[in-house]
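In the two complexes below, chain A is the common chain; its partner is chain B in one and chain C in the other.
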Partner chain A sequence: MFEALIEGIINLGTPHSLMLLAAGSAVGLLFGAIPGLGGTTAVALLIPLTFGMEPWQAIILMGGVMAATSTGGSVSAILLNTPGIAPNAATTFDGYPLAQQGKAGMAIGAGATASALGGVIGVISLVAVIPIMKAIVLLFTPPEFFMLAIFGLCAIAVSSGDRLLQGLITAIIGLMVGFVGYYDVTSTVRYDFGIPLLEDGIKLVPALIGLFAISEMINLAMKGGSISQETADVKISRISDGVKSVFKNWSTMLVGSGYGTFIGAVPGVGGTVAAFLSYSTQVQRDPAPDVEYGEGNIKGVIAPESANNAKDGGSLIPTLAFGIPGSAETAVFLGVLVLHGIEPGQKLLEDHQDLVFTLVVALTVSAVFATLVVLILAKYMVLLTKISVHMLIPTVTVVALVGAFALNTEIGDVVIAFIFAFIGYFMIRFNYPRVTFTIAIVLGSITELSFHQSMLISDDQLSIFYTRGISVFLFALTILSLAFPTFRRKMKERKLAKEEAGK
Partner chain B sequence: MRIPEQRQPTAWYILIILAFVVLFIVTSYKYNLTDRMFPLMVGYFAVPLLLMDLLSLTDTKIGGQISLFFSGKSQKQVDEDADPTPRTLGQELIIFVWMGALVLGIYLIGFLPCTPVFVYCWMKYRGGYSVRQSAYLAIGTIVFVYVLFELILQYELYPGIFLYWYG
Partner chain C sequence: MIGKITTSVLAVGAAAMLASSPAMADYPRKKITFLIAYGPGGGFDTITRKLGPYLKKYLGGKVTIVAKNLPGGRGKKAAQFLAKRKANGSHILMFNMPGHAMPNIIGEKAGYDVRKIDWLGRVAQFRYVIVTSASKGKYKNIQEVLKSKSQIKIPITGPGTTGYLASAILWNALGVQPKYITGYKSSSRYALGVIRGDGDLTILAKGSFKKYISSKKKKRAAFKDLKPILEITNGKSEFGVPTTGEMGQKDLSILGGDRIVGTTPGTPKAIKDQLATALYKAVTDPEFVAWGNKVGRPVAPLNAKDATKLVGELFSYYTQYKDLLAASNKKTR
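Right, the complex of A and B next:
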C-alpha cells in the first residue's frame, strides 16, 4: 500500500500532471461557481479530452474537477445565495446572511478551509476503509435505504427551524414531483398529464436552476438595491478570521466531515443530504448559539462545507470497491474508468493500487489547491456583493437558462427552469423552505424504489422497517429528530420557569 | 374561523397547494396498485398537514396551538418575523412578464439574439443605466455565453423556432 502511495505521488509530481490537476481544479471551481453547471457536467464534458491520455492522467484531471467543484460552489452560495451546486444549498443559510452583514470574506475563508480539511479527511477515510467497506455497504438493503431517505427528509425539515410544518409540506410536495415520469419498477409513465416533457420525469438540474438561481433573481428584482446591505464594511482581513474559525470550531468540521464521508459512501444519497444533515446536526448540537443559525453563524458554513467535500472521498468508496457510484458525479467518473479499460472492484484494488492512490493524491492536492485559489481570489470575489442587482439579474438569469438548456440541449428544460423559478419565488415569498422540497425531489425515486423492494422482500409486511438493526436505528433517529424541537422548547421553557421562580 | 387580511395571501397559497395535492390523489387512482400505493400514502399524508397549516393562520385557539407546536411561536410572532419587503401583485406581475418575455424570446429567436436584447433592456429600463453601460453589459454577457458555451464547451445553443421554420 505504501509503494502504491509513493507511485501516486510520483505520478502527480511531473509538470504535465500538475498542469492537468490545475486545469481540472480551475474547471471544477468555475463549474462549481456557476449555478446550474456543477461537477457532473464538468466531468462529463471533459471525458472526450481524456481519450488520448494515460489512465492515471485522466484520473488526475477528473480528480482535480471533483475535488474543486463544491469549493467553487460555496462562493456563489455565500455571495449570491445561489448554490453553485446542490450540496452548497445548505451553505446559503448562514453564508448569505454573513455576506449581507459585510462578512463575506470571513464566510468564504471558513467555507474554503472547511472544504479543504473536509476533502482531506474524506480521502483519508477512503484509504482507511477500503478494506472493510464492502461488508459495510452490503449491510444496506432496501429497508435501510428507505429509512435513511425518510430520516434525511425529516432531519432536513427539522432544520427549517420554526418552519417545521412548512418543511414537512414541501418535503411531501417534493416527493410528489419526484414521482412524475417513467417508473422503472412497473415501466409506467405516471403523472405526465399527456405532456411529453414530463414523460422522463422532472429533470433535476433545470429544476434546481429555477428553484435556486432564477427564483432568487426574481426575489432580488422585487427587493432592488445590491446583494450586500453593508458592502462598505466588507474587510479583506476577515478571510483569515474565517480560516481561524474553522480551527476554533474543529469539532464542527470533524462531525461534518464524518457525515460527509459516511453519507457519501451510501450510494445515491450524495453530498446534498450530507451537507443538510451536517447542518441540521450542528443546529441541534448547539442549542444556545451566540448568533442564531440562519442569521449568519459561521458554524453554519463550516458544517455543510466540510461535509460536502468529505463526501467526495466517501462516494468513491462504493465506486472503486464495488462499481456502485455514490453520486451522479462518481457515476460519470466510473464511465471514465471503464473508458480507459479499468474495471472497478477487487481487481482494481489489488492490481491497480497505483491508480487508486493517484486519485487519492489528486483529490487531496486539488482540495488544497482549490482552497488556496479561492482564498487568494476571495479578495476580488467579495466585490461581487457590491454589484447592483440590476446588473446581476439579467446576466445570472440568462446564464442560468443557458445552463438549464446545455445539459440535455432541450428547450423544454428552459421551460422547466422557468416554472420552477416561480415555484421557488412563491416559496421564498410565503416562507416555505425550498431545501426540503429539493431534497425530496432527489430522494423521491430512491425512496419509492426502496419501499417497493422492501415490500417485496417482506411479503408486504411494514414490520420490515422496524425489525432490522440498521433500519431500527434510522427509524429511532427519525423519531428523535422530529421530537427534538419540541423537547428543546420544553427544556427552554422549564429553564426559564426555574429562573423566574429563582428571582 | 376568519383569517386576518395580512395572512390571506398565504391562505390562498396553501389552497393552491391543496388543490395540487387533491389533483395528485385523484390522478393516482388511474394507475394500478403498485404504481399508486406509495404516491397515495404520501398524498394522503399531505392533506392533514396542509389543513393544519391553514388552521394555524386563523386566530382561533387551535390555530394558535398548531403554530406553537410546530414553530414554537404564536401566529402574531410569525407575522412580526415575516419578510418586510413590500410586494404588490402588480409589481410581481411586471417581473413575471419580463421573465416570461425572456423565455418566449429564447423560444422564438434563440439564445444568441435574445441575450443581449434582454440584458440591455433590463439595464436601461429597470436599472436606469445609461445606453453605454447597458450596451457594455449586454455585449459582455453575450460574448461570455458564446465563448463558454459555443466555443469552449461546443454546445449548439438553441437557435429559436423561427430558424427551424426557415431552415
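Right, the complex of A and C next:
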C-alpha cells in the first residue's frame, strides 16, 4: 500500500500533473459556485478531454474537480444564499446571515477551511479504513437508514426555535414535495397531476435555487440596498477570523467530517444528507449558543462544510469495496475509469492500487488548493455583498435560472425554480422557516423508502427497528437529541434560579 | 397510358427530389446527437461515449458526434425526444431492450413505438446470472431454492424494470413465488442488498456480477461477496453452475438486455443505410472490441436487418407475458 501511495505522489509530482490538478480544481470551484452546474456536470463535461490521456492523468483531473466543487458551492451559499450544489444548502442557513451582517469574509474563511480539513480527514479516513471498508459499508441496512433519517428529521423541532408550529407546517409541505414523482418501491408515479415534468419528482437543485437564490433576490428587490447591511468597509481580517474559528471549534469540524465520511460510505444517501445531519447535530449539541443558529452562527457554516467535503473520501469506500458509487460524482468517475479500460470493483484495489492512491493524493491536494484559491480571492468575492441590488438582482437571477435550466436542459426546471422562489419569498415575508422545509424535502424520500423496504424485509414486523444494534443506538440518539436541549435548558434555569436565590 | 406516364414521371421526380434534397446531399451533417437515456456514469453513458469517436471515424471523420444525456421517465424521455425529431438522421439513441419496449407491450402511453423506430444495429447484449450472498446466503444452490418451503426474498429495482421483469418470468417458469424487496435504484444497490442480507438472492447481468469476483483468487474462492447459483443460458455455464438450459427451460435464454441503436422513424433509407454501415464498422472496430472485452462488456454486433428482426422477436416473446408484466408493473403495496 505504501509503494502505491509513493507512486500516487510521484504521479502528481510532475508539472503537467499539477497543471491538470489545478485546472480540475478551478473547473470544480467554478462549477460548484455556479448554481445548478455542480461536480457531476463538470466531470461529465470533461470526459471527452480525457480520451487522449493516460488513466492516471484523467484521475488527477477528475480528482481535482471532485474535491473542489463543494468548496466553490460554499462561496455562493454564503454570499448569495444560493447553494452552488445541493450539499451546500445547509451552509446558507448561517452563512448568508453572516454575509448580511458584513461578516462574509469570516464565513468564507471558515467554510473554506472546514472544507479543506473535512476533505483531508475524509481521505485519511478512507485510507485508514481500507482493511475494514466492507464491514463499514455493510453496517447500514434499510432499518438503520430509517432511524438515521428520523434522527435528522428531529432536527426540525430544534431548528424551528420558537416557531415550532410554522416549522412543522413547512416540514409537512416539504415532505409532500418529496413524495411527488416516481416511487422506486412500487414503480408508480404519484402526485404528478399528469404533468410529465413531475414524473421524475421535483428536482432538488432547481427547487433550492428558487427557494434560496431567487426568493432572496425578490426580497432584496423589495428592500433595496445591498446584501450586506453593514455599512463599514469589508474587513479583510475577518477571513483569518473565519480560518481561526474552525480550529477554535475543532469538535464541530471533526463531528462534521465524521458524518461526511460515514454518510459518504453508505451508497444512496449522499452529501446533502450528510451536510444536513451534521448541521442538525450541531444545533442539537449546542442548545444555548452565543448566536442563535440561523442568525449567523459560524459553527453553522463549519458543520455542513466539513461534512460535504469529507464525503468525497467517504464515497470512495463503497467504490473500492464493491465497485458501487457512493455519490453521483463517483458514478461518473467510475464511468471515466471504464472508458479508460479499467474495470471498477474488487479488481480496482487489487490490480490498480497506484491509480487508487493517485486519486487519494489528488483529492487531498485539490481540497487544499481549492481552499487556498478561495481564501486568496475571498476579499474580492465579499465585494459581491456590497454591490447595489440594481446590478446584483438581474445578474444573480439570470445565473440562477440558467443554472436551473442547464442541469437537465429542461425549461420546466426553470418553472420549478420560479414556483419555489415565490414559496421561498412568502416564507421569508411571513417568517416561516425555510430550514425545516428543506430538511423535510431532503430527508422525506429516504425516510419513506427505507421504512417501506424495512417492512418488506421484515414481513411487516416493526421489531426490525429495535432488534438491531445500530438501529437501537440511533433511536436512543434521537430520543437524547430531543430531550437534551430541554434538559440543558432546565439545568440552566435551575442554576440561574439558585444564583438569584443566593443573591 | 398518359396516367401511367404521369405517375412514373412523378415517381422519378419525387425520387430525384429526395435524392438531391439537402438533408441527404450533405449527410452526415456537422452534428449528430447520440442521446443517452440515462444519467452520466452508468453503463449506457459509458458505452455511448466510447462508441461516439468510432462512429465519427466511419462516418468520414468530419461529423461531430455529441453525446447527450437525457434522463427521465426511466428512459422514456429520450425515446420520446428521438421519436419527435425530424427524420434526418440527426439524432440516434441506444435503446435498452426490452425495457424500452415494455410500455408498448403492456399498452401504456409511451410517446414512441419501438416497432416503428428505424433500427441501425445492436452494440451489446447481456445475459443474467442468479446470485446469492457468499457468506450470508440461506441457499447454497438452486436445488435448495427450488425445494424451499419458505418464501424466497429478492432485492430488486421496482416493478416494470428490466431486472424485475426477467425475474418475474424466470421464477414463474421455475414455479417459485418469491417476495420482491423493491426500491433499490440500481443493480449494484440491490446486489449490495443481497450481500448484507436484505434478501436471499437476486438477478444480475453477468458483466455486473464480474466486478464482485476477485482477480487474485481462483474459481470458487474468488466469490467472496456474491456467488452464482444459476446461469440463464442454453450453453455451458461460465461460472460452473447449473443453467436454465440444463433445467429444460430453453426459452428463458432470451432473458437479458440488448443495446440497440435506433433513429427517428421515417428516416430516408440512404441516411439510415449510411448510419447503419458506420455503426456496424464502429462496433466491430478491433480497438472498440478490445475495450469491451477489457472492461467486461463484450460487444455483440448485429446489422440493421438482424437488429430489426431481433426487436420483433423480443416484442413477440415478451408479449406472451403481457398479463404477468402488466400485473407486475401495477403491483403496489
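In this section, the second predicted complex is superposed on the first by the 467 of 503 C-alpha atoms of A that agree within 3 Å, B and C clash if a C-alpha of one lies under 4 Å from a C-alpha of the other, contacts with A are read in each partner's own complex, and residues count from 1 in each chain.
The rule is simple: contacts are C-beta pairs under 8 Å (C-beta built on N, C-alpha and C of every residue); 3 or more make two chains touch, one makes a residue touch a chain.
None of the values given here were measured: they were computed from a predicted structure.
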First (chain B), second (chain C), both or neither touched by A:I342: second
Touched partner set for A:I214, first chain B, second chain C, both or neither: first
First (chain B), second (chain C), both or neither touched by A:A406: first
First, second, both or neither for A:E54, with chain B first and chain C second: neither
Which of chain B and chain C A:E3 touches, first, second, both or neither: neither
First, second, both or neither for A:E292, with chain B first and chain C second: neither
First, second, both or neither for A:H452, with chain B first and chain C second: both
Chain B versus chain C as contact partner of A:T186, first or second or both or neither: both
Chain A residues contacted in one complex by chain B, in the other by chain C: 183, 185-186, 188, 452
Touching residues on chain B, where the partner in the complex is chain A: 9-10, 13, 17, 20-21, 24, 27, 31-32, 34-35, 37-39, 42-43, 45-46, 49-50, 52-53, 56, 66, 69-73, 78, 81-83, 85, 87, 91-92, 95-96, 98-100, 102-103, 106-107, 111, 115, 118-119, 122-123, 126-129, 137, 141, 144-145, 149, 153, 155-158
Chain A residues touching chain B - in the complex, by the definition given at the top: 45, 162-166, 168-169, 172-173, 175-176, 179, 183, 185-186, 188, 190-191, 193, 214, 218, 221-223, 388, 390-391, 393-395, 397-399, 401-402, 405-406, 409, 411, 414-415, 418, 421-422, 426, 428-431, 447-448, 451-452, 485-486, 489
Chain C contact footprint on chain A (complex, rising order): 40, 43-44, 47-48, 51, 134, 137-138, 141-142, 182-188, 196, 199-200, 267-268, 318, 322-325, 328, 331-335, 338-339, 341-347, 350-351, 408, 449, 452-453, 456-457
Chain A contact footprint on chain C (complex, rising order): 39-42, 45-46, 49-50, 53, 69-74, 77, 153, 157-161, 164, 179-185, 188-189, 191-193, 195-199, 210-216, 224-225, 291, 294-297, 329-333
